[in-house]
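Encoded as structure tokens, the structure appears first; notes follow it.
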Amino acid sequence: MTALQVSNLSKSYGEGNPALHNLSFEVREGELLSIVGPSGCGKTTLLKCVAGLVPATRGEVRVHGEEVSGVPEGLAVVFQDYGRSLFPWMKVGQNVEFPLETLRLPKAERQERVERSLAAVGLEGKHERYPWQLSGGMQQRVAIARALAYRPKVLLMDEPFASVDAQTRSGLEDLTRRVHLEFGMTILFVTHDIDESVYLADRLVVLRRSPGSVLAELVIELPRVRDQIVTKSLPAFVRQRSVVAQHIKDAS
Amino acid sequence: MSAAHAPAGRRAGGLAQGLLARLGPVVLAVLLWQWAALAAGSPFFPPPGRIAGRVAELWFSEPLLTERFWQDAGPSVLRALTGWLAGAALGVVVGLAAGLWKAAAGYVDPPVNFLRSLPKPAIVPVFLLVFGSGDLMRIGLITFGCVWPVLLNTMQGVRSVDPMYLETARAFHIPPRTQLLRVVIPAALPKIFAGMRVTLSLSLILMVLSEWLLADHGLGHFLITAQRTFEILDVWAAIVLLGLLGYLLNVLFLAAERRVLRSRPS
Amino acid sequence: MNAPVTTTGVRAEPRRPGVRRRTSPRGALAAFLRGTAGAALLTLAFEVFARLELVDPRLLPPAGVILGEALRLLVDPAFLVEVWATLVAVLGGVALAAAIAVPLGVLIGSYRLAALGLTPIIDSLRSVPGIAIIPLLVLVMGQGVSMKVTIVAFVAVWPLLFNTVYGVRGVDPVAMETARAFRVPVHRTWWRVVLPSALPLVLTGLRLALATGLTVGIAAEIAVGTRDGVGYFILRASYAGFHADTVFAAVTLAGVLGYLMNGITVALTNRLVVWDGKGPS
């Protein structure tokens, strides 16, 4: 089953300024696909096209077979700038609940989803705090909880851990992996970090820059349940990381 | 998005569209006003065409400006500007001193804040009675009104000068006078200008009010006389002229501000 | 249109995270004492100046006398009635202005076309010094409270409008994208994202509007001799056998009123906008 299909996608901002050129790939149902590439390869643009936040210049994006024009249903985004994507005038609980109001869920169910998703990211009992009273890593967990509570079929993550420190980062990576298995949702994960892309992915797409296009695709041969230390010392991990690094180096 | 592939010819079309969007509503509003005024026939709301005619007849005929213009608007504008500039000068000088004298900060701020929040028109009767009704009283009144916002802003501007600038200047042995002229004042300029922008409109209000209560010429006097004699067209004409002057002064001020601050990041 | 302005006319800058000032109680007390000392010093200077009798003491009474009279006025129902009349007109006018300015500001801040079309009309209207239209308003509406409310609204609308516009334009694009990504409908985005985000600047506009409204409200009371209000009280005390002490005391109390209105709005802002400078700006 294909959850997400990108076909011949091109995007340019103004004349002669292509950001993406003729991109095609697909994400299967329940799969975690990493997109990795150097900065300036149009990763964020790609994600915004998929999310329907900006229209494509050519080509199309289909989510569960439906062509994307505007933001599709059943899709959630975790942005890199958690500080700007969480609303500072809403408490943590309100931030998580806010998108659920649009779904017109009864109050009790909204509450329950907020509880569950905050618990899933290890933030039980933080409802009444404001996001800016939490550390960066915790804020990004709130953003993830918000996406989880929304129960999306497809979750887009745009370099979500680029602005947190290294320790927090590995914790958040494990969290992502865990909720992916637990909630069984399809995830498109965009990053410029090669280790991260390999560690997280079931399958991986490498992009080249100017303009962004698909350089390579590979299936990651790692166990489903992973561990920062054990997995990262597996020969398969080391080999596939080198393959990706080589691709990126060759392209630049 | 179509803008992405817009051919060059579309640019000109966009410009025309922009102009239409800018001017269309104004023209529409004036036409609507004209139509409504004619339809209503209220003596209080003459059609804009007649008001414009009256403004032109009173002040803008003969080659360019009439003698009446100089009689009515000249002294008024002069008073407002003199008072405004005097207030600004005083505010800057005292504000610099008060801002640089760090120890004084806690003592000076509350009284200055109080004087700034004093509704200035309330002191007009006081000025009239204590200092008489001459030009000096009027200018003094406007000066008094315009001093405080500039003073406060100058003080804040001086205090918020990045200490790094001053340390740099000291490290290069720049003498204090040069530091003041080349570092402190330029750094405080945006705030000084902001204060002067606030007081510019205040000076017009105080000018009108002071002329209104006791004067035999000037725009305030013209306005109140027109009202008392029920010359409604003249009341409207005076409002329009005051609006024009206010607009002109604001434009000139903004141009001057932009010129002085042109090298600043906005 | 001008940049958003604070009461001091300075471009409003969001407070940087972490620099929100937390003064210790002792620091606050010291600041209060210094301020009081400054005010006392100014009062003393005024007292000395008046005692020198360079100006006829019947016109310029010493500070002590004025303060005594001010204390008397504070409990004089005849004066408090006038304060109430001014307050009602100013608050009513500012409320009316806010009802017009905030929705209009959201519109102008959100749609480029609305900004293009309305800016020239707004610029020409706000160039008119507020008090210039008082004579016209008096002819049309008389000298009652509705005239005062209208003139206050006319001058109070601009700071509210401009600050709302800039607040709305300053809404973080990431915040807007987040709302869009979760398919939050437009009206809910306005209520829950745009308005809260613009709130700090709207409240700054409110503070400015109250100050301008009070200034022009009192100007109207003095200019046309409305039958009530602090301005009218001052005018009457000035002309009916000039009671200098009463006039100066009333002027001082008018200043206190302005000071308090400003202070209350600042306190309200600090209560309402706990997040300012801590997230999207």
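We just call them A, B and C in the order they show up, numbering each chain from 1.
Just so we're on the same page, a contact is a pair of C-beta atoms (placed from the backbone, for glycine too) under 8 Å apart; a residue touches a chain by one contact, two chains touch by 3 or more.
No experiment lies behind these values; they were computed from the predicted model shown.
Undergrad: Averaging each chain's C-alpha atoms to get its centre, pick out the one most distant from chain C.
TA: A
Undergrad: If I average the Cα coordinates per chain and compare with the overall Cα mean, which chain comes out closest?
TA: C
Undergrad: Roughly how far is chain B from chain C, centre to centre by C-alpha average, rounded to an integer in Å?
TA: Those two chain centres are 18 Å apart.
Undergrad: When the C-alpha atoms of chain A and chain B are each averaged to a single point, how far apart are the two points in Å?
TA: Their C-alpha centroids are separated by 53 Å.
Undergrad: Using Cα averages as centroids, what's the distance between chain A and chain C in whole Å?
TA: Here the centre of chain C sits 47 Å away from the centre of chain A.
Undergrad: Indicate the residues of chain A shared as contacts by at least two other chains.
TA: As it turns out, chain A has no residue touching two or more other chains.
Undergrad: Please list all residues of chain C that touch 2 or more other chains.
TA: none
Undergrad: For chain C, which residues count as touching chain A in their complex?
TA: 17, 172, 174-175, 177-178, 180-185, 188, 192-193, 196-197, 199, 273-275, 278-280
Undergrad: For chain B, which residues are in contact with chain C within the complex?
TA: Residue list for chain B touching chain C: 18, 21-26, 29, 44, 106-111, 113-115, 117-126, 128-130, 149, 152-153, 156, 190-191, 194-195, 197-198, 201-202, 204-205, 208-209, 212-213, 223-224, 226-227, 230, 232, 235-236, 238-239, 242-244, 246-247, 250.
Undergrad: For the complex, which residues does chain C have touching chain B?
TA: Chain C residues touching chain B: 2, 5, 8-11, 30-31, 34-39, 41-42, 55, 59-60, 113, 116-121, 123-125, 127-133, 135-136, 138-140, 211, 214-219, 222-223, 230-231, 234-235, 238-239, 242, 244, 247-248, 250-251, 254-259, 261-262.
Undergrad: Touching chain C in the complex: which residues of chain A?
TA: Contact set of chain A toward chain C: 48, 51, 53, 71, 73, 75-77, 79, 81, 83-90, 98-99, 101-102, 130-132, 150.
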